[in-house]
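Next up: some structures, all given as structure tokens.
Paired with chain B in one complex and with chain C in the other, chain A is shared by the two complexes that follow.
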Partner chain A sequence: MLASEADSVSFRRDVMPILFRAGCNAGTCHGSARGMDGFMLSLFGYDAKGDYFRIVNEMVGRRVNVAVPEQSLLLRKAIGAVPHTGGELFKPDSEYYQTLHRWIAAGAPDDADDVPDTVGIELSTERFVFERGGERSAVKVTAVYDDRSRRDVTTLARFHSNNPSVADIDEHGRVTAKSAGDTHVFARFSRFTAGVETIVLPPAEGFRWPDPAKNNYIDELVFDRLRKLRIAPSELCDDETFLRRVTLDLVAHPPTVEEYRAFMASTDPKKRADKIDQLLKDDAFADYWTTLWSEQLRIIGGNYAPYGTHVKAASAFHEWIRRQIRSGRPLNEMVDDMVVSSGSNLQNGPANLYTMLVHARRLNPKTFAADFSQVFLGIQIQCAECHNHPFDRWTMDDYYGFVSFFSGMKRKPGVETREQRIYYDTKASPALHLVDKRPMPAKVLGAVEPAKHNGDPRRALAAWLTSPDNEHFSRNLANRIWAQLFGRGVIHPVDDIRVSNPPSNAPLMNALARRLVESGFDLRSLVRDICNSRVYQLSSQPNASNKLDTRQFSRSYLRRLRADVLMDSFVAVTGMQRGFKDWPKNTKAIDFYPRTGGDTARAGCGDVFMETFGRSPRKSVSSTDTKLEPTLSQTLHLMVGNTLEPRLSANGRLNRIIKESATPEAALEELFILSLTRKPTAAETVGLRQLIGDAVNDEHVYRDIFWSLLNSTEFSFNH
Partner chain B sequence: MNRRTVLQAGSLGALGLSMGDLFRLQAADNKAFTQASGAKKEAKALSVIQLHLGGGFQQQESFDPKPEAPVEIRGQFGVTKTKTGDHLSDNFPRTAKVADKLSIIRSVVGKVPDHGIATYHLFTGHTPTAVIDFPQMGSVVSHELGKRTEMPPYMMIPKKHGFMGGTGFLSSAHGPFELGSDPGGRSYQVRDFQIPKNVSIERLDRRQTARQIIEQRIRKLESDPNVLNTMDGFYKDAYSLLTSPKARAAFSLDDESEAMKQLYGSDVVGLKGPDNRYHPKGLAERLIVARRLVEAGVRFVTVTYGSWDCHFDVKRSTLDQMPALDAAIAGMVTDLDQRGLLDSTIFWVTSEFGRTPKINKDAGRDHHARCYSMLIAGGGFTRGQFYGASDATGAEPARDAAPLEDLLHTIYHQLGIDASKELLAFGTRPIEIIKGGKLVNGLIS
Partner chain C sequence: MRCLLAIVFLPFAVAAATPNYDQHIKPLLRQHCLKCHGGDEQKSGLNMQNYAAAMKGGSGGRIVVPGRSSQSLLFEIITDPDDDSRMPPNKPMIPQKDIALIQQWIDGGLLENAGDKSMLAKRDTRFHPSANAGVKPANPAMPGKLPPIRTPKVMRPLPVMSMDTSPWAALLAVAGQEHIRLLNTDTENVVGHLPFPEGVPNVIRFSRDGSVLMVAGGRPVESGKVVLFDVKTGKRLAEVGDELDAIIAADLSADHKLVALGGSGKVVKVYSTTDGRQLYKIEKHTDWITSIAFSPDGATLATADRTGGLHLWGAKQGGIRLSLLEHKAAIRALDWRSDGKLLASVGEDGRIIWWDAKDGWPTINKSNAHSPQRKPGIYGKLRNGVLATRFDQRGRLTTVGRDRVVRMWDEKGRQLTASRNEALPLTVAIVHTGAKAVIGDQAGTVRFWRLTK
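The block that comes next holds the complex of A and B.
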């Protein structure tokens, strides 16, 4: 039965869910901000009171006709008896129709105040595991109300699958397995979304679990998952590959020839772990992570910067971050400092959170709250500005309460033109709720009570945000660290964490976050664990079972080097510095951030190479601002542009290699180690030796080979 | 076999490699990741030149004037009669004279009046989602139709903008090639397009050969065939572009006469710049290069012009940027027609949305996506037509509303692509090229 027990039909409890289920209040129909064809409903029903008015009172006797219920437009449109852009939604003999009809016949009453409110939904199962495509099952949805009553709302819920080619779900909640893989199917009811993990297994025949050795908890959790999914991980990668991979990942340039020879010569069984420890101590590790933070926080410096984003402020912020990371400051403390900072943008580096995330005349609390949440929580709450988040738990109350943390954030001119003083105006009024315009005092996400504070609520915000108990925070940080080392988050993309975008391996995600908390939010501890895992050290060579895997970390995925790392790699290998406009000559690409002569709001990457190879222009906090896709322009640049040609023979390095090598073969080996951190294969030596021919002392032919090493896929990708 | 392949066959033959290994990409089936849906359609048009006016173009001062409306809607300009007896804003005298060769659509319906979302919507046909990144139209065309000649199928003049999206779930091989230099600028030279003087063609070949030898190892790992194919393809494409005189000539303005440039309005200026002098806008040269690229076989060229987000002083924005636009549109249509290219080339003038009917307190107009205008000519689109209409104030379509999806669907149709066809995202997930688009029969003939 759709209607509640007493047979009296409730607007909120019975009618609204039908409008939701039939899609009437979806964004593409009457739930659009402007409504549709003259009739507007609140999106997914966030405003029941308003919806009641629009259905019953806006056009008396038309949308509902209590005297002749079947003449109500609400019913006639829904069954397609009169022209309806949305077509026929259900039949007159359906329960949906009957319920609406009974409600109208009863006089279309509004609810008394005590109608039970939905507080959650429960699904009949947590996981589906199908042996093969074609198998079916079904999920039941139960709503739980604040009076503890429960009701089966399967016929009122809406369903979707995150990957219908793995498993699809129909409007009745029936799940059909399609092809091998793993995904989630979701049910939505009221403002709640809940998911069921759904696995479709590949055939068991021919699959044998190789039972690889496990180095730590990461291996246990990844291998446990892989085994369940009947995916065998790739083999452990060789020492050459490991050395190149970990050096590029941790210090952002390839290993030197000397480092290669020393590492390869060592017979110490702990040499991989030692190498990781050594790289973690390198300043370049901290510099690289400084840039990753600086990018997320949108640090750009301008020479003309009326909004507090002067080069001097940018530098104060960037260098402050560098000091925190070099000294191993716990990440939560670092974030805490930024959140509560006030004062001069030139003197107090972390206060620039409130200039750099903005790059505009005014700090708009809504925009700021959205960016803040995306950076520090990985959550995009901005959907809830206009309606409860349709695919997550965040409500408009959550959103406006969160925005109010920043409603007093202001800046005023300092003693000189470059200076802005950041302060919290304790007299500022909180954000107003969009629907009923009531003031929404500052409140952390998911809380019921507003935050306690003495005028500046940021102390309370920071305490909640960076607390070890705040899983949103620790998961976000752990996931971003993982993504930096694998090219993909356990939750992906890293800055769109929501109920309907679950981790590809939930126990792994939880363990990484827990480990980060237990280590005292120590970046190096988590990176050390990850790099020491066998999972990180797997080969990129796939096997029959993991060829198609792109999200379970069963092999190393090819990752193009970031623009800055690629440039620093060219510099490292050729020995010729690059330099950037308005920066000291020997500045590394990873230490460089955009500086502009003008206003930072319009700044770009600040460098043609960086732009061509997709470095983030820092125009937004979105992780997708960093582009790693290869393009034709990149190829042309590496083939004939001004980055490689002058470097091929720079500083006499190539000449020295030719002269100091006893044979052309030895010179080739040296060039391969220098460029690709490996010795040439036999086929390569034969083929390239043939190209050299008699010209054993001709620098040109070596230069051409050096060119081809630097133009190889192996060079520009980590693998 | 040409000299280059002989050279490669010679040195690689010793390694037991076949030519097949070397030209893997060439063999890679263009439709490998496409789910076919019925027979291939017949193409009416071979190419598209999209002139994009970023920022939100004022339809009231251009294609959809409201001379009868009160001044706060009508604005500061009058109208001019077109060759077909209709009216355009009097900012469009040259275009009015060629109105018999083009269609103006006055009832385009977008979705969201936000630059980022609307630009993405225009370029991909979808509003952005967190789960799926949709490919740009030019990328879909490249994916579906492949190359016509050695030229990259999709190009941007002078370069792309972040809002336009990218290749989405398609390989970056289908991304636009950006000139990286403005044909209308004083020092126009396509970026990274010149073989260094000290590198002979023999050495360029030797470099390619050495690279192929080194690529074999990662090839054998078969880690990610898509990435490797894409990289291979780029090196092959880059080589043919760099070494083909025909390709190089396609980018150059050297063969174009002064008269031709003036036909496109190269001498038309707007308002004085901050230096108190007049400056040509460079649009004429951009469009001429676009036409040359289409002649050389490019399928989709996107040209950008101007900055149209006129929240302040719509009159100034109009007086400064519109004259060169009018001249360039008329020149482009006339030139394509004279060359017999208009029937096979779609010339499409776009903006992510229009402007609000009422002029605001700053004498500007704000964002308006519910009803705006576009111009489209050639490629089988009806000549001399004003399609659809906005209501008295221009707020809503009054008849023949044309949702953006329908327009894109129709352009795809003319190119021989069924836009209801599904592409496979991530190798497994079917996604329609355009969701719910319908063919607008009234636009084509």
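The block that comes next holds the complex of A and C.
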């Protein structure tokens, strides 16, 4: 029995779920913004009142015929009795048809106001573990209503799998294992999505758990997961690889030859941990993280900046962030400062959150709220501007309530032309709900009651946002930190966190977030934990069982260096500085951000190298603005462009290496350590020695070798 | 002195209060617009520094249409809700009182100065019953004894989707499932049934002389047809059209020679009733055709659609005469006043418009005519659509709307009387004597409403 009671069929409780299940209100059908073939429904049913109107009252007698229900177009279309773009959706003898028919026969009534509202869905299981492909199981979906009633809605839910090649789910909720791997299958009902972790195991035969040593909780959680999935992690990486990896990751340039020799010579069993501590104290670590924040917050600067993005403002903001990171300021306090700040954008660095995050002449609260949420929570709420989020819990009420935190954010020109004063206009009216134009007072995501405040609600927003209890916030920060060190978030992509994009290892995600909170939101503590884990120090060499793994961190994934880190690496290795237009000499690439002598409306990254290698142009807050894909133009740029060639023998460094090395073999070793942080292999030495032949002092040959080393993928990747 | 007299006699309220350019508008333009659209700079080729240049408009053409703020770019652009499109740029909206002044200036006929004459033409749209196109027939048709028919079993009454009264006899025809019910409007009793096995009658209209009943409808997304019945005998005189969807709009010309029909196909088709041949098609509409009406003299055809498009055509050939742009949402009904001078249109945008058929001028444009009462806690736009309209033989207009009220208006657009209906009223008609209105509603009820003098 689909209907709640035998006699009365409710529009919201019984009819709308059928429209959802049959796909009538999907985005490709009548749920599209302009409807389909002259008939529109709200997408996934966010506007029940409007849908009732359109079905029953817009063209009375056409879509429902209360005199002869089976003559209703709604039914005739659904069973394919008349031409229908969507074809036949169900049969006349189905429950769906019977329910709709009974509703129309009852006069197609609208609901009285007190229809129980769905407050959540529950699934019959939390996890499927299949031993082999072809195995089957099924999930049942139960809806829970605000009157505490429950109902089996398996026949009304919609299902999907995040990876149908691992496990597929059909429209009845039946799951079929396909091939080894892990994914989630989902059920959606009303505005809720819930997932079931689904594991399909590889054959147990031939698998032996290597039981690697565990350095800390990260290893325990990752290895626990790998063991369940029958994936053996790679071996520990060697010292050379570790040194290069951790140096590039923490201070954004490769280790020097001296650092290499000192590290390799040390026999201290704690030398890796010491190295990590040493790098964490380096100013370059803070500078690198300053740039990562600055990139997310879209800092740009110009000499002409009608909406507050002046060079001086950019610099005030960037330097303020640098001071916070260098001094080890807790990240939540840093964010709190930004969120509540007001005043001059030239004097008060953090106030530039309200000039930089959205580059526009008007501070549009909707755009700002969406970007704010994406940056600080990793959640994309903008779907809910026009309809409840289809794959997450966020409703339009959440969205408009959140937007209202910024509806009073204003800027006005300051005393000088480049200055903008940021203030909160306490008289501004809150955002209006799209469907019924209700004013929506400021309300934090997921809350029922509006935030309490005295005019400027940002204090309440900041308190909620940066609270240790706000797991959205701590999880987002922890996940971004993890992603920076692994090239992939535990939730990936990092700025699209939603119910239907769950962590690849939920206990790990929780532990990282908890650790960040317990450390007092200390960036260095979490980075230290991660770098000291065996997981971080695994080799990138795959084994038979983990070669297909891309999300469980069973080996080190190859990562191309970011554009700025690559540039600084060239500079570090060749000893030849690189200038940036509109910047002081000797500016490091990681300290560089888009600046222009002109109008910021036209600022890009302003640098051919940065563009070619995908430095984020800061055109949006999306994490995908930083491009790490190798391209042909990158290869060509290094082979024939002006970055590498003029640097190879500049400053006499190459010449000095040749001169100061006792033998050609020693010079080769020096070049290898300088470029790749490792000694050449025996085969490499033999081959290259032959290439040098008698020209042992000929710079040209060494130059070619140096060129080849810097052009190698081994150089441009962290591995 | 002569100028002053002319103003006094204008049918519009162009009194001393009507704003003019020199005194009222220029100071506003100076404050908000002239920096970019004035003597020094003419962005988009627009100069509003003097009256003549302002009338000329910019590179995109005229910016004001006398009497039609709704059709004037100037008014549209200063009231645009989109912050990025509205003028003046990067500023809050001009104060409401200034906007109102500009609107009054446009609607008042774009006066240049206090002594100026309004650009609006003087028009006389008064109703003279003697000008009626139709003449009362000697023996107005009433049905004789009609054969009994079997009507399909229904679970509940069909909503009264269509209904009409004979212009000359005490006769009412009401839509039912696969049939039409005929009632005597004096006794209010059923006098017979006409079968309509084609489906649901979406349109019912008596001919101007009351001798023929046109019924149009069908089965949604299956079939549609127009059937002409002889009122006296109930015989089928003709069947027109073979549509793929139920017909939503149709009308019969006064001489009974033409039937025009339309619906979800977005095309208006005009057929000859003598040989059933299709004479021409109108393909200008971009959405479903919602209403069609021949003028009383049969010379003009008015057609309307679901996006608010309304056009007048030469009825013989289908050549376009006028496009009447004003409605912002689906037009629900059209009706001609019996003298043919005025056409009324009503729609989901809540407007009732009395159009001067001569030149397509909206002589009265009544918005929010059927606005429901706002309940506490309800925000935003209320559904205030006007669903049906009919003129009576005395030139009065009756309308029903989503506020569930029936209203009657005089020729100046003043409400004469109103009555609340319990269910949503869908259709309305006035009996031939003008003594009663009949309202058909969503519950399937037909209600007779006695009109007092």
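Points worth noting:
Methods note: the second predicted complex is superposed on the first by the 718 of 719 C-alpha atoms of A that agree within 3 Å, B and C clash if a C-alpha of one lies under 4 Å from a C-alpha of the other, contacts with A are read in each partner's own complex, and residues count from 1 in each chain.
Everything below uses one rule, namely that a contact is a pair of C-beta atoms (placed from the backbone, for glycine too) under 8 Å apart; a residue touches a chain by one contact, two chains touch by 3 or more.
This structure is a prediction, so every number in the text was calculated from the model and none was measured.
With the two structures aligned on chain A, chain B fits next to chain C without clashing.
Contacts of A:Ser42 after superposition on the shared chain: neither chain B nor chain C is touched.
By the document's definition of touching, of the two partners only chain B reaches A:Ser708; chain C does not. Contacts of A:Leu636 after superposition: chain B is touched, whereas chain C is not reached.
Legend: residue contacts after superposition of the two complexes on their common chain; A:Ser179 is shown touching chain B, with no touch to chain C. After the chain A superposition, the centres of chain B and chain C are separated by 70° when viewed from the C-alpha centre of chain A, nearest 10.
Contacts of A:Thr290 after superposition on the shared chain: neither chain B nor chain C is touched.
Contact with chain B, but none with chain C, is seen for A:Pro542 once the two complexes are overlaid on the shared chain. When the two structures are aligned on the shared chain, A:Arg361 is found in touch with chain C, with no touch to chain B.
More residues of chain A are in touch with B than with the other of chain B and chain C.
By the document's definition of touching, neither partner reaches A:Asn470: not chain B, not chain C. In the superposition on chain A, contact is made by A:Lys77 with chain C only, not with chain B.
Here chain B and chain C sit at a least CA-CA distance of 5 Å once the structures share a frame through chain A.
When both complexes are aligned on chain A by C-alpha atoms, no chain A residue touches chain B in the first and chain C in the second.
Here chain A touches chain B in the complex through residues 34, 162-166, 179, 181, 380, 493, 496, 498, 501, 539-542, 548, 550, 555-558, 608, 612, 617, 619, 624-625, 627, 629-637, 639-641, 645, 681, 683-684, 686-688, 690-691, 700-701, 704-705, 707-709, 711-714, 717, 719, going by the rule given at the top. Chain B makes touch with chain A in their complex at residues 11-12, 14-15, 130-131, 133, 152, 162, 166-167, 172, 175, 177-178, 180, 191-196, 199, 203, 206-211, 213-218, 221-224, 227-228, 230-231, 234-235, 237-239, 241-242, 370, 426-430. For chain C in complex with chain A, the touching residues are 83-84, 90, 152, 154-159, 161, 177, 199-200, 202, 219-222, 244, 246, 264, 287-288, 306, 378-381, 383, 424, 426, 442, 444.
Looking at the complex, you find that chain A touches chain C at residues 38, 53, 57, 60-63, 65-69, 71, 73, 76-77, 82-84, 105, 107, 361-362, 364, 432-433, 435-439.
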